[in-house]
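Given below, in the form of structure tokens, are the structures.
Here come two complexes built around chain A, the first alongside chain B, the second alongside chain C.
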Partner chain A sequence: MAVYRRGYQRYEGGLTSHLERLMVMPRFSWARMVEQKFVLILLVVSMFWPLLCATFVYLANHSELWQGFDTGFKKFLAINGKFFSVFMKVQSGYALILASVAGPGLIAPDLSNNALPLYFSRPLTRGDYILSRMIVLLGLLSLVTIVPGMLLFGMQAGIAGGDWFWNNWYLGAAIFFGFALYIVTVSLVAMTCSAYVKWRVVAGALVLAFFFLLAGASEMVNSVFRVEWASVFNVGYAMNTVWAGMLDLAIPDEKPGVLECAVFIGALGAGLLALLARKLRAVEVVK
Partner chain B sequence: MTPLSQIWVIAKMELGRVFFSRRSFWVYLLALFPTVIFLGHAIDAQLKVKRWGGERGVKAELLDQAQSGMTDEQVLALVGKPVTDQTRKRRARRDDDPADKQPEVRRYMMYFDGKRRVDLRFEDGKLVSRNARVLMNFEDDRRVYAGMFQYFYLRLGIFFGCLGIFINLFRGEMLDRSLHFWFLAPVKREVLLLGKYLAGLIAAAVIFGGGAMLSFLAMVLPHDSVEVQTFWQTIGTEHAFWYAAAAALGCVGYGSVFLASGLLLRNPIIPAIVILVWESINGFLPDVMQKLSVLHYLQSLCPVPVPLPTEMPAVLKMLLAPAAPTAVWISVAGLLTLTGLVLFAAMQAARRLEINYGAE
Partner chain C sequence: MSPVIEVDSLRVNLGRREILKGISCRLGESGAGKAIGLLGPNGAGKSTLIQTLLGFHKPSAGRARILGFDCHAQAREVKARIGYMPENDSFIGNMTAVAFLRLMAEISGLPRAAALEKAHEVLFHVGLGESRYRQIGTYSLGMKQMAKLAQAIVHGPELVILDEPTNGLDPAARQRMLQLIKEMKEQHGMNVLLCSHLLTDVELVCDEVVILKEGSIVHQADLEAERKSNRRFVQLDVAGDDRGLAAALQEIGAEGVSEAPGEWRIVLPASVEIGSLWRLAARERLQVRKLTHRKDTLEEIFLKAVGHIRQTPGGAPAAEVPAHGRL
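And now, the complex of A and B:
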């Protein structure tokens, strides 16, 4: 019988759960992403710094290895907020490069091939689509940020003992939530660039340019106007300041504080989400 | 038609696209941003003189009497009410070292004497730092411009601008699926490449060279007319020329690299990242390796040397060893040689290029 002569009725079989539907796209995207050689190379390279830090933690906790050194060296080997702050700054650089390589491939191909109507004709909302694309990037970025960070914290807590953990549990929380905030922000930037620039290559350049140019522009405003407030528009600085607040580190008085930086990051995230929601529609008007 | 006229025809056809496409908007924004900021600075300085100079302005002689060690109350009694007065109390931190005593209260006051802005910083009620500067200081502004030019314009503005313009020339056409039209034209691939490069170069040099000149003028002109006139009569024209030349030569160097990477690699972001990292760590590398970067030669052309960033950690400052500037003619010849070599490699790639749009 010809297809058009068939009668159709509503599907009454079992429905997959919302979570299952949500995880379909990440499953396929993940496989495609880890096929990229450069992503794998970056993942491997980004493990060197955590390995070095792990060696540092081991050395710091074995005082018999550095007996005879002065108190300055003892201070240098302290595992505290400053140590984790340096660790986080370095790893965030790798995360940014990873996001600029892997992020643009998430949405740009769907837009340039007009595939969004196909997604949205299924039981997926725009929020689901954004979330499912973001899960992939968050998963990848957490491999170079949260995972090594928590392993390092766990290693230190394991070697130093329960007392150290009870006195410094906030460092673990700061690493987790600080990195989580960072990778969500970077993912949102990467996805928005990917949505607005249909070419993957250009979108990747735009992700890098977004962070570097904002940093450069804010420094330029600071030096021309002889002020410090423009640092808040430097995403890297704003994120470091929020981390410093979480890690209970001192922040220079003249520079924008934790609150200002947190407000900027929040506003940036909200703005990026609004831009994404505006761009991701099941229809496209061709002028 | 001779190859040269073919190159010019292709360049003319491409020029319109490079200058007026929607994507070029971002390049213009990048190039003109410093101009806007310097103009904003001039307006801001005038507004501040008006706002602070009235009843809140204080006498310069009184301000000069405020010396280190005086208490905040003494300064207030001597000079009067400041324009800005902020107090911050220090919060105890978990990993505070009891041996390392930190001040508990920090106070900041700012005064204005009609010309100078004076920042006073107090720690636990004692004046510890006094910083006075003229609102519109020509010498300072020239140094700031030099820093802006080297750190923002060359490293970021021209870098990303050229990335956008030159990668677009071939890779963009592949993504638009229109490159085969060019390949159907009866011209050699090398001629096509040079034509496109010329178009990109003219556009980039005009936009960024023009941007550098405009921002230089925006920095110079709002200052005292006598100072400005003296500057133009001595070193001003020379400085303006070298800034514009460095910007244009930056476009020559980065343009060739990005054009070639757009042809040689499917994902030109990877070389862009590598170049960005290479140029960023350039100052930390040995002398010989520093000379293997576009930035080193461009910095050698800049008329005003830039001091090291003050906020750089001491460890990094120790490692930082910028190579001595190269002679001007070597810098120009080095950049042109590098460009020639890169373009030659790009020509080889263009000759072998087979279009497979499906793979893009």
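And now, the complex of A and C:
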């Protein structure tokens, strides 16, 4: 019978699992996100660099093409930690821009439309809400970070063979965990900005400003006090240092080390999560 | 039968202020499809009580249970069984009504196909069938209210909490909303907790009523029993010496209280006709200035409970009304 003729009947069938419910919001958000042309354009543009790197990997593994070149050039063509470090730095830039475009659309509309009481009056906790919103960004950002990174690593391992893989497996782990740490941090920044600033454009600008302002402030402290430790507050530097540690690259002695940078990133993440949880309440309580 | 809502010595603090001051009550009957009215002046704690039942606030003492589940400790079980229509605008503006309801239904646990089906079904039910593919942000106030009701019942909850559902509705839309609420309890067996400042809405729809004042329950009444008693409330204003009127009213089986000199509130049993009041006034040599038939018993109850009148005829004086909900 047609729905409009049937009349309302209470639903009495089976219910889905908690995990399925958790994935409902990401599914709806992704569907709406791909409707944004700018997001799609950014996604396409962010694939150019991985394609270029893939070409580089292909050429680097065909030494017969470079027989006439000197050893310096051949060294340049080596696929090692430095190569993946450059790849990660460039892709992280795309990920940051993507997060600043897509992130503010996740929470700000819910706050400006007062939709949180509707979510939280259903079997969905604040933690579930944050997680489901974060899944949206993690999924999107992993498309431009982890996925191409692992494909690139897989391609290199496939062409270079088993020996290369066994000697360099840690590079794959570094790409995966390094990018994971980065996109979690960027997602938290984007979501927190989105929660505190209701205007999407301003929230997007704030995401970018957060990284640049911290970088500027840390450099200023370094210059004024003639120190190096303030570099740890530069999220970009801290992340690159952690990646360098994972990729087994050299880190300047005078600058903060991997441990300090990892601790800062962890503390930053915890702080952002606390700020987010504080803001995301079903009702505002005026104390 | 177990109660739908059970509140036991519930205290809720927001910051340093104590909003709910140890209230206790048992409301509704599980599976009976009853409507409970929640009344009270502004700042009485109605919204805080609703929000505590929804698990938004943690009680500082006591407990609240819905359908046997603790609202705080078993929030997920509670929320799976309730629907909530907030007072203020609450929706996702740039979503169509169908998509919005489908999202809400899926979050409540309905499988995808069932959620889509129910979204369409409930939108036709509330009268938004023709505009279900419009973005909710473009809806009129009345349509938004209906969309809010639709999202509250799309998953077929056992208890629906409605916070001021008739706010901003024109008379026709208000009637439609009240009719839908009646149908929810009578035809679909849902329990309804209706918070409204419109006494007529509560009286038309509800079977029980709880009146809050300054964070305490000052009255709880069974409106169904009141209706069955078939009593009529009358306001009589007279000029002259009315000292013997109370006794005279008792002679004909009616009861009355004088609120001010010459102003009487009278309750007439079904057997006593209004004409007998005219004869009584003539006998007592009183000049009748005003004789109003009052249908809304709830207003009487409410005004007494919040202290605007001292006593309801045929009832206990306000001071004797048990406070803190132990009724």
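Please note the rule applied: the second predicted complex is superposed on the first by the 271 of 287 C-alpha atoms of A that agree within 3 Å, B and C clash if a C-alpha of one lies under 4 Å from a C-alpha of the other, contacts with A are read in each partner's own complex, and residues count from 1 in each chain.
The working rule: a contact is a pair of C-beta atoms (placed from the backbone, for glycine too) under 8 Å apart; a residue touches a chain by one contact, two chains touch by 3 or more.
If you're wondering where the values come from, they're calculated on a predicted model, not measured in any experiment.
K.L.:
Output check: A:P26 vs chain B and chain C. Expected answer is one of first, second, both, neither. What do you get?
P.N.:
A:P26 sits against neither chain B nor chain C.
K.L.:
With the two complexes superposed on chain A, say which partner A:G178 touches: chain B (first), chain C (second), both, or neither.
P.N.:
neither
K.L.:
Answer with first, second, both or neither: which of chain B and chain C does A:G103 touch in the superposed model?
P.N.:
Neither partner.
K.L.:
Give one of first, second, both or neither to describe whether A:R10 is in contact with chain B, with chain C, with both, or with none.
P.N.:
A:R10: touches chain C, not chain B.
K.L.:
Is A:P50 contacted by the first partner chain B, the second partner chain C, both or neither?
P.N.:
A:P50: touches no partner chain.
K.L.:
Could you look at A:A205 and tell me whether it touches chain B, chain C, both or neither (first, second, both, neither)?
P.N.:
A:A205: touches chain B, not chain C.
K.L.:
I'd like to know which partner A:S121 touches here: chain B for first, chain C for second, both or neither.
P.N.:
second
K.L.:
Contact residues on chain C for chain A in the complex?
P.N.:
That would be residues 14-17, 51, 54-57, 75-76, 79-80, 82-84, 86, 88-94, 99, 103-111, 114, 117-118, 120-122, 124-125, 129, 151, 153-156, 161, 188-190 of chain C.
K.L.:
Where on chain A does chain B make contact in their complex?
P.N.:
Listed in rising order, the residues are 38, 78, 80-81, 97, 100-101, 167-168, 170, 199-202, 204-205, 208-209, 212-213, 216-217, 219-221, 223-226, 248-250, 253-254.
K.L.:
Using the touch rule from the top, collect the residues of chain B that touch chain A in their complex.
P.N.:
23, 30, 33-34, 37-38, 40-41, 44, 88, 93-95, 106, 108, 133, 144, 147-148, 151-152, 155-157, 160, 163-164, 167-168, 171-172, 175, 267-270, 272-273, 276
K.L.:
Where on chain A does chain C make contact in their complex?
P.N.:
Result: residues 3-4, 6-16, 21, 24-25, 28, 109-110, 113-115, 117-125, 281-283, 285-287 of chain A touch chain C.
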